[in-house]
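Multiple structures follow.
Look at the two complexes coming up: subunit A is in both, with subunit B in one and subunit C in the other.
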Partner chain A sequence: MAARDDQAALASLARAPAPVRSRLWDGLTRRLDQHAPTVFIMPAVLVVLAMSIFPLLVSLYLSLSRFRFVKGGFELKFIGLLNYRKLLLGSEQFHFLGTFGELSAAGWAVLGIAAFGLIALLVRYARGEGYTPAGLLWRAGASAGVFLLVLLIVLTNSGNGHPGSLVVTLFYVGIGVLAQYCIGLGLALLCAQNLPGRKFFRVVFFLPMMITPVGIAYTFRMLSDTTKGPFTPIWQYFGWTETSWLVDPWGARLAVMIGDAWQWIPFMFVVLLVAIESQPQDQREAALVDGASRWQVFRYVTWPAILPVTVTVVLIRMIEAFKIIDLPNVLTNGGPGIASESMTLHAYVAWRALDLGGSTAVAYLLLFVVVFVCLSMLALTRPAESEARP
Partner chain B sequence: MKAGIGQAGAVSALALLLAGGIALWSGTAAAQLKHEGVEATVMTFTGPQIAEPLQRRAPDFKELTGATINVVTVPFSDLYSKLLTDFATGTNSIDGMVFAPQWMGDYIEPGYLEDLTERVNADDAIQWDDVAPFFRDFSATYNGRIYTIPLDGDFQMVYYRSDLLDEAGLAPPKTWEDYIEIARTFHGQDLNGDDKADYGSCIAKKRNAQSYWMVISVAGGFLQSQGTGQGAFFNTEDMGPLFNNEAFGKALDIYAETTQYGPPDEINLDVGDTRGLFTSGRCALSVDWGDIGTLAIDPATSKVQDKVGAVILPGSSQVLDRETGQLVDCDAERCPHAVDGINHAPFAAFGGWSGAVNANSSDEVKAAVYDFFSYMSQPEQANEDVTIGITGFNPYRVSQFENLDLWLKAGMSEAAAKDYLGAIADSLNNPNMVLDLRIPQNQRYEQIVLDTAIHRMLAGEIDRDQAMADIETGWNEITEELGAEEQLEAYKATLGIRAD
Partner chain C sequence: MSGPARRGGLGWLVRPRSPLDPSPLNMAVSYAILGFWAFVVLFPLYWVFITSFKQPIDVADGPFYLLWVDFQPSMHAWKYIFVDLGHDTFRPYLNTVIVSLTSSAIALILGSMAGYGLARMQYRPRLGSIALFVVSIGLAVAAVVGLGVGWPIALAAALALFVLLVQTIGRRFRRSLGNDDIAFWMISQRILPPVAVVIPVYVLFQQIGLRDSLAALVITYVAVNLPIVVWLMRDFFQSIPIELEESAMIDGASRFTIFRSIVLPISRPSLASAFLLMLILTWNEYLLALMLSTANTQTLPLLIAAQNATRGPQWWYMSVLILIMIVPVVAMAVALERYIRRGMLIGAVKG
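Let's turn to the complex of A and B:
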């Protein structure tokens, strides 16, 4: 309001009779007008710089240095890439990347399939319409990255290899989010039907999301112990007693994944339910009238309609899942051994012992992996998405 | 009417003012208290343990000296860094702290902690000579100077079910082989009459928790035999780790074997869990600090009242020869403190909660905080607090385990009290107590490298020899990172080897 008054006043001043003064004044106001956006936006930019860019840069420096307390304060000594070298090649390699085993025949087969698939994708892109050399280069780099991740997963899971926190996190993200999406989609499709009591189930399916992760972790810790909890009779029936899932590496990872899924399926469910219900009904009805089967309706009508939402929820969940710490921390403390330790937990454990350099190095590697995986996923789904759009 | 009320109000207000003035005047006239008007902040972890007695006694202290002590608490995992940030940034909002003396190396080197030697020497009320020698000479001392006032005595012992052992005609374990034997005997039997199979041994083995202290408790007797000053972590020549040799390998074998006689999810149990299992009668043996002793007499939770015995940590008839890295038989020269040929090395894990004063607080505040810790530690207060389970304070004064009445009053039977105090006295009087690692960044040595390697071994990811190799490599790496010479100096300083 005040600004508009000022402008009116300025305008009336500009119309004032004195010609020389008016020209000067015109110039000045034009200048001010030009700079106004910058000035007005500056506070916001400064806040963003101070709150997110500055810490990002400081933590980058921290990851390249060694922190210690000395007389009268603390000292940060620049040590270059030593923290990263330790994680990727040195004494912490087993912790971050994992222990490498001997490649088995199955391992070779998986690697071969992965390489073949990635090359096939590249070839398809190179022959397609939207081909650009830069695009091919970018895709080749991304494919190499994906292949390295597959290689890492295969190497740490074959023979006497053991996955490190990177592979375990990828497991939580890849398998976990996929399972969450599939089950969430299934429930959403069910609840979109005209079934009795569907309102009740909508509320029930939504409940787990409101429970604190610590509560969930304790619940699953009890459930996974075959001597306690409501499933004890079932375990006993199968002769599986006096043990706990959490003692076995894969059992522990699975328990974390199930707990995480239990909590986050509702999120997938709610978002997908809204997407399904808001799709245009006329297309669906037209397809049904034309004699399309239920599967065809889903594949050619519903799926394209919910694809943009799918990409968004999966992306959000993936970024979230990369940062998982609460469940493994309470459920297993990263154990047995380091079997269920996520990257965030890895960073936290290092931070707690004041190894700030090592901790931020893990955090930065996490950032790289998240950015890489999310960009690759967007690039992969973009063509499908644009195809899906009418 | 209005005026009348006004007048009456004015008169009563005047009377109140007068009364208040007289009260104030007489208060100041009564006696100038030592720390009148001084206000100090003391930080410790969110209790109820440790914080409870401090908060309970702060008002009494104020009445006595006039100083107001505000006890602030933070979660245990934040305490170390909260204190450090406060000092390192120069905020100095914390005047005193009740913390783990294990961290004091990190605090003393940068000059954050007040040297309390003169104050202790001038203080008769604290009865310094009554504090057990280990806590006086090692736990409270750094490089020959006193920096902390012990408020709690922390060392680990073995607890056993006296009723079961008596019935089976077995003696309490003297060596770790005995421990395994007893665990094997009772594992799978019903120990508390609920028709369910129970466990031979319950030891907290959870990762990222407090379990690495139990490994050191097992290893102590194999590694250190010449007394506390010898140290059990590094050799004092070149800072070479002592955790990769035949002796530590033997300890790891024993530690791993106890898992066979434990609960199925033992590797996910923390001390809270094993204490619960033991006091509900499900375990024949356990390794713990003094806590099980007082928890077992709590009628509300314990099913093993008067069925619990305690004994000094079992030892070994063979010890490490630091020249060769081999296990060799004890003789009078190698094991001067051995009892019946068995070398015991009780382990002062964590070191016991202790009070320290911020060197950068004002002089009057420092004096008040010191007096508060002295007051808490004086036998009149401390000897009552150590008998109460909820305080988290365990005995650390000679008078506390010599005076049986204290414990009978707290609800222990005479036999149980004698047994518990006997184990404490044996441990505290043993000149071969293992001092916990207190060099700078000791958390990285113990909580990261040691803890991870041990847990990976328990989980079957690596074998024993690989675990030992990992510990050695990891420790050497940290030592080199922080400067081998500085770390060695600090290590010697904690062991009381004076750096001159």
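Let's turn to the complex of A and C:
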């Protein structure tokens, strides 16, 4: 990239005065140099070990025990999997998984479609070239897990069911990230055209990512106010001034998702724009000159080229979206009730109530769900990705 | 967007000048959509801006949109936040500045060293040693929380046990990991939800007397952001030509000299990208600050979040706080957009 830089660096090296140092110092530096690889990497590894692996082990223990204040301190009692049982089957089930409703016809239909789709994916994998029994087993496990999550979503949303924090988080991740991707891709495609003045749009579209989510939460609270917010005339026109976004379960969730999307569409936009622009232009131009429609160009030239980046950005955003807490905590306070509470917020609420065991159990379940969803997304999308590559 | 050019009177609308350029209609639609999105992005910021100049009555009487036209701007909220509440505003501000600058700098130093190591040197940690290490630490944790042993003793015992085991049975293990595994392990730390580790970290800081100190926040942020820096810098170091370093090595320069006087100077733009990215992440961080800090070490996001409890929906004060928090980052983003964009891209495209 820059021969000039290299030369400058060499020149500065040559300019450095020859060191005159004691023998002791020489020996020390030689010693240090022999162990250079260790010296380079150890600080970082130690910090990560101390601040995430070690606490993770302690958390595991905490999640298996009950924390109580006793006279002169506190007491930790090992209680096995009781914290998890409480969340999945016991008194906290409504909070974590949700309340189950009766399955309606639409619910059955969704379940059927999900099962059909997953089986189709499996069959396609089994017939493909890269088929191995272990791979099939792994994918079958992933499909079963995904089906269970779909079942959970359908059960808590049909009839008189109410979704708990796990299901709400899945909404934020699933619907939110999908919407962010679609809008971000659309904007990137528009901005990749040969338009005068697109530099302006790029800088403006970039801004929301810089803004603290807490600030965004309050801003959207102002904007969503139906009597004093800027969109009051619109609400008045539709006659919605008597209600508020934040008292309706879906309104509250939607508000959180809109705030999150407002902040993160720019990320999708920036990354996808670069991916689109860095694909070889001659293919696209040849297709256009040959009279291909813009849709055909997108479907057969652009889309395969950006598919790997797509998988990566969606994955990154999913990982981050699972950790969402600022927006639900500040914008809706998790309410109405627990309707917009994410899993991280659930863990925080439990921590504030000094239920350390419950809090860490929620956090551990979150960790399991994140790892599972990410791995199964990789497993289920990989055949599509390798197939699309020429 | 547009189909193939149609014949007829309005054909010029959909017919591009050349096949590569968008047609006029296409351009108009594109501008309309892009303009709409620019409005979506800018309007909330504009609304915060004008709300900060509103009197309570201007907010309560319904929406007013334009300065001077709809309502008379007033500086009362700014005066209240900066003069009446001066100390309570500046302390969190200063905390945030200190914490984000120090933690970004430390993360950058440690992260670029590790990134360089991973890009240029060979690591072969044995799987067995790692397993032994985890077992030793696990035993120490069990001893501390289960048996009530003091944590310094337990930690020392665990380390001694680990060294002993590695020296004796550790050498028998043959399977080892490579650089890519270490790098992947680092970046996989991002998957870890912070809420899963924050309680032990809190207890840890309490034990070593750092609870509610800026140092605790700095250490935590360094740990959280380090993986990103390692990943970014490793990727960059791999992309620079190795010949220069090799020739310096033949001349007898040590690894550290090479790193400091050759590698770091050429990687200044990437270092800047990584630093800015860290700065933004720590500037806006909420959850860890929420759980680790109290009054003395409050950072700006907490100050803003706390407004809800203390003042209710007093939007004018809130807007001022939001503005003073976002103006520095937005200004930085506009001025240094190129660098920040780059930092995000390397992470995303190669991740």
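The working rule: the second predicted complex is superposed on the first by the 338 of 390 C-alpha atoms of A that agree within 3 Å, B and C clash if a C-alpha of one lies under 4 Å from a C-alpha of the other, contacts with A are read in each partner's own complex, and residues count from 1 in each chain.
Definition applied: contacts are C-beta pairs under 8 Å (C-beta built on N, C-alpha and C of every residue); 3 or more make two chains touch, one makes a residue touch a chain.
All values derive from a computational prediction rather than experimental measurement.
In the superposed model, A:246 lies in contact with subunit B only, and not with subunit C.
In the superposition on chain A, A:227 makes contact with both subunit B and subunit C. Of the two partner chains placed around the shared chain by superposition, subunit C is the only one that A:325 touches, whereas subunit B remains out of contact.
With both structures placed on the common chain, the touch criterion links A:336 to subunit B but leaves subunit C unconnected.
In the overlay built on the shared chain, the residue A:144 is in contact with neither subunit B nor subunit C. When both complexes are overlaid on chain A, the residue A:123 reaches neither subunit B nor subunit C.
After overlaying the two complexes on the shared chain, residue contacts for A:58 are found with subunit C alone; subunit B is out of touch. When the two complexes are superposed, the chain touching more residues of subunit A, out of subunit B and subunit C, is C. In the superposition on chain A, A:182 contacts neither subunit B nor subunit C. Across the two superposed structures, the residue set of subunit A contacted by subunit B and also by subunit C is 221, 227, 329. Note for the complex: subunit A touches subunit B at residues 66, 68-74, 86, 90-91, 95, 99, 162, 221, 225-227, 242-244, 246-247, 249, 329, 332-339, 349-350, 352-355.
Residues 1-2, 5-6, 8-10, 12-13, 16, 29, 32-33, 36-37, 39-41, 43-45, 47-48, 50-59, 61-62, 65, 76, 78, 186-187, 190-191, 193-195, 198, 200-216, 218-223, 227-233, 262, 266-267, 270-271, 274-275, 285, 288-289, 291, 293-294, 309, 312-313, 315-316, 319, 322-323, 325-326, 329-330, 343-344, 347-348, 351, 356, 359-360, 362-364, 366-367, 370-371, 374 of subunit A are the ones touching subunit C in the complex. Residues 1-4, 19-22, 26-27, 30-31, 33-34, 37-38, 40-45, 47-48, 51, 59-60, 62-63, 65, 110-111, 113-114, 116-118, 121-123, 134, 137-138, 141-142, 145-146, 182, 186, 189-201, 203-204, 219-220, 222-224, 226-227, 230, 240-241, 244, 248, 253-257, 259, 261-262, 265-266, 280, 283-284, 286-287, 290-291, 300-301, 304-305, 307-308, 313, 315, 318-319, 322, 325-326, 329-330, 332-334, 337, 340-341, 344-345, 347-349, 351 of subunit C are the ones touching subunit A in the complex. By the touch rule above, subunit B contacts subunit A in their complex via residues 77, 80-81, 84, 88, 90, 106, 109-111, 197, 206-209, 263-265, 267-268, 440-441, 443-444, 447-448, 452, 455-462, 473-474, 477, 481-482.
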